[in-house]
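The following pair of complexes shares a single chain, chain A, combined with chain B in the former and chain C in the latter.
Now for the complex of A and B:
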């Protein structure tokens, strides 16, 4: 994990040099400075990323960030305006979807309604001219893999959403693609089923060892399943890294907010070695670990993850504290989630572990403080828009 | 019956009543639609030349006459030919036209749509006159069954477009993307996915085209247009044949020919309602070759 850090942190915009680097040996998919426009709207701005063989890779971002466009580009349903897309060392720009070694699981499943489950799974094999004996064997194998062994003769309309989802997965996987593309495949399922399917998908991916490229706007989904995540916003890749890196070291305010951290704006007051003193826009002054090169007067974002924040009526010395009013407190079993409105109208979330120091659930409307240790927050240089 | 049996029976009756009424209602509906035709069939075996009740003697002589009536048989043949070719042609043209109308975005699409569907609302006679003007003075074609078929396709095609387009609007295009993703070329995608799924629409369109082609002969306007579109041939029919028809047979002729693409000049001449003829036929006659 750690070894990847340097390689993948620097990603945001690599200017298009026109020089084609050779694809690294274990890259399943490479995007090189890919740009895609729809009329005047730029959907993707010089995206570059490398997806390794056998990896569970997620494209995470809000709707309209370009993640589905990226997937469609790899699948061949749209063509880039600039840049190169390389699958297994071969450029696929200009190659239609039916000649690419990739398969897709669509958000709506797109099962063929006029065919049985078996015929659906068989379709790709038939189109590629796989011999019949082999086809029958592989269909059975797939139905077993998705734990629906006796469903071959049914029609898609006779299946539940979760079952249809698994058939769609089997229909794609049966072709042994170099890369499997998944476009928010769990989006249409209810929460409980979605959680089950996350585990199921991760299991299947480990079993078949096929590269998965997974598009989602759900950070929890991406976190629980992925080996690596690319966080996207406004047609750019903001950060690529393991779930842990994305969560613990977000590179921008956007990433921090997207993974659910509290972000407060402020200005550097003083820098003392690694410790920086920040005057928050909300009024309070706090200390936090400060990256190099910051000077007093610089605008920054302070990131506090919910589980690092706590609630205290009278904060002790040596901790950061912001006064506020409890808006909502929800008991979640292992945790209690407290939402506090602090000056400036910002709502901060604190996750209190059950059995932790502040065991009592605060009452709604109570005046309190959100507190955290000075090494429990992160200072980010505030950039223009991202 | 016993005391306990009767409430159950009553309950069963209340449950059955609506069903029975519905069945009765359905049967009455069918009777209303088909009884006239049944009566016609019954009277075709009646020996009397005029339709009167009670029936006189049983006879098949009318059918014997029919078999020898080559003009009428020819009309039947023409009718089948026109309907078959028109159905196939209108279905092909209509289906092909529905795709770009639904799938593609282009300038003036709404206007184009409107123009495509215009033949549905324009009275048949106007389309007929327009076609006649196009065929004869402009394109210099000889009027024949071919021109009838072309005219019928113009009239039936838009209906096919409507039906197929509605099917295409409801079509999930992601299915086509999925097929291509699974290795199907565009052509195979069409045959394996698109076509089977829009087939009900195409068949419905074909049925409508078939029915319309048959039915349109009832419409006076269309009638006149048809008549004149094949008139070139028909004018040459010997008048003698027509003179040989007695009044009763003329009636039968009239009825039969309304159903069919008969050698139509005859049909027009025998029409009792001159109002159809007056303005339109005058214009048309002047265009006759």
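Now for the complex of A and C:
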């Protein structure tokens, strides 16, 4: 598959205007048909994307999808085999990392162990030849920004993981780069700290107004912090959009599964205007809103998000239902998460809101149905491997 | 605790019998003046030590010369060994294994043979001179290649470079490679990244190679004897002469002067590369 497949799959969605931060329309980073190979392995296939100035942009995907390669290309640590990379209107292909207006927060933090915290932050300022008075002021400013004002004299080895992470952030921000690259910076932290740091990172980004390009495999992380997300798989960008667009309108089975939706395979049986009848591989027939142009016999994926699904022992008329057996039910406070095994061995997840229609938590092993409204699912055309 | 001490017994025994006792005997020799050969009787004296530093400066001169030659050889080992270690550390795992095996390969051959082999390379009818003659570059063999300070230093570098490479490689290998990327990311050119990040990080390796190279060269006897010629005489040659002449007292005094110098050097190195201080605070 070549360029045509890429073009077909990428749907650039316009960021919704309701967000609190209107992103500037100027491009901070542009990738134009960038391809990167490692020997016979194609890491990136003609990637094109535009990251706006001041935007919190995430590259989301499983390991090996090319997201870290994309970051390294912007940072200048590797060079593309084809295509162009433009930062602030200037092509940076062939320009070494130390001459790019870009700084990076590394996954391992990469703090210099033989230097104090202040010297670590100072490093970039020294390299750029900033005068001493200015350097001292900016180091203090950075330590304040990351809420570690009295840590200048410490060594990195004396700090906790979360503190080291913030120092790495301060060190990368002190030069006021045009773009800040973050390579899974929260990966090494425990869950609680990770959740705190998400809020902290989003706050810092709003404060400094620098374009953040954030690489992660954690969809929740990408969803909570980003203005826009590019979902990547197998060296391609599958979908670019706001977290809401990605979640509610996934363009492919891969994206839907990656953001945690239930995906069932099926075949169109009948089409009546916008309503279509789908015979699921699991056996049941359901109705759903169909995109135009589908014909009986077409293979489709039915996407049902967990919060749109419910559990019913005896489903009423007019709803879609699949019989199944309760595998697990976890009470989460605001929600109860129920996992049901349906015919074909597929495990479906339903999130039941507390105080919702299904008030009782089902017992494990109980025979039940997963139910959803006909407009509560999305039909995607299956196009082979995407 | 007692169990731990029992475990240390074999090592302690070896240490006492083979190291401490001979050292004490040598110390006694160096501080005794005896009329009879090998005598430990006689009177206490520091005359042997005074002789090391006087004797019209012969011994002091050779001692200083030994230190200077050892310094030059060590510097050469570092200058050649560091880039090579850096190269090894930057190759793939598989190549690292191959290259490190090549580095330690000389150890599979007798040390004496390896030193002797250099006479076959540098000698009048050696590899280099024969090649130059064959290519009609020279009609007389270059005699300055062997039996002098030059050949001595060449052989020292050849003999001790594996130690320098291994010690520096070990410290490079321990270093987080992303530190170099981080330095370049923050605006450092490759040279600046090396000087400000890589070199400080690998100083323990550099100091270790100084210990492994400089100190053994101070005690080298075979190399100056086989390839050093008259101009390459080092302090150990003089020391061995004394022992051969059964002047144990004076020989021991020379040995202790060298040992004291090494000890002071080690303490100095320890101070400047206190690992604790380098990494913690």
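The definition used in the following text is that the second predicted complex is superposed on the first by the 361 of 386 C-alpha atoms of A that agree within 3 Å, B and C clash if a C-alpha of one lies under 4 Å from a C-alpha of the other, contacts with A are read in each partner's own complex, and residues count from 1 in each chain.
The rule is simple: contacts are C-beta pairs under 8 Å (C-beta built on N, C-alpha and C of every residue); 3 or more make two chains touch, one makes a residue touch a chain.
Quantities reported herein were computed from a predicted structural model and do not represent experimental measurements.
Peer 1: Based on the superposition on chain A, does the combination of chain B and chain C result in a clash or a fit?
Peer 2: The answer is clash.
Peer 1: Touch test for A:262: chain B only (first), chain C only (second), both, or neither?
Peer 2: neither
Peer 1: If we overlay the two complexes on their shared chain A, which of chain B and chain C does A:123 touch? Say first, second, both or neither.
Peer 2: both
Peer 1: Let me test your reading of the model: by the given contact rule, A:155 touches which partner, first (chain B), second (chain C), both or neither?
Peer 2: Once the two structures are laid over each other on A, A:155 reaches chain C alone.
Peer 1: Just chain B (first), just chain C (second), both, or neither: which does A:113 touch?
Peer 2: So A:113 meets both chain B and chain C here.
Peer 1: Between chain B and chain C, whom does A:165 touch in the aligned arrangement: first, second, both, or neither?
Peer 2: neither
Peer 1: Between chain B and chain C, whom does A:50 touch in the aligned arrangement: first, second, both, or neither?
Peer 2: So A:50 meets neither chain B nor chain C here.
Peer 1: Which chain A residues lie in the overlap of the chain B contact set and the chain C contact set?
Peer 2: Shared contact residues on chain A (touching chain B in one complex, chain C in the other): 75, 77, 96-98, 102-104, 106, 108, 110-114, 123-124, 127-128, 171-172, 175.
Peer 1: Using the touch rule from the top, collect the residues of chain A that touch chain B in their complex.
Peer 2: Residues of chain A touching chain B: 75, 77, 96-99, 102-104, 106, 108, 110-114, 123-124, 127-128, 171-172, 175.
Peer 1: Help me check something: in the complex, which residues belonging to chain A touch chain C?
Peer 2: Touching chain C: residues 75, 77, 96-98, 102-104, 106-108, 110-114, 123-124, 127-128, 154-155, 157-158, 171-172, 175 of chain A.
Peer 1: Can you name the residues of chain B that touch chain A in the complex?
Peer 2: Residue list for chain B touching chain A: 172, 174-175, 177-185, 188, 192-193, 196-197.
Peer 1: Which part of chain C faces chain A closely enough to touch in the complex?
Peer 2: The touching residues are 176, 178-179, 181-189, 192, 196-197, 200-201, 278-281.
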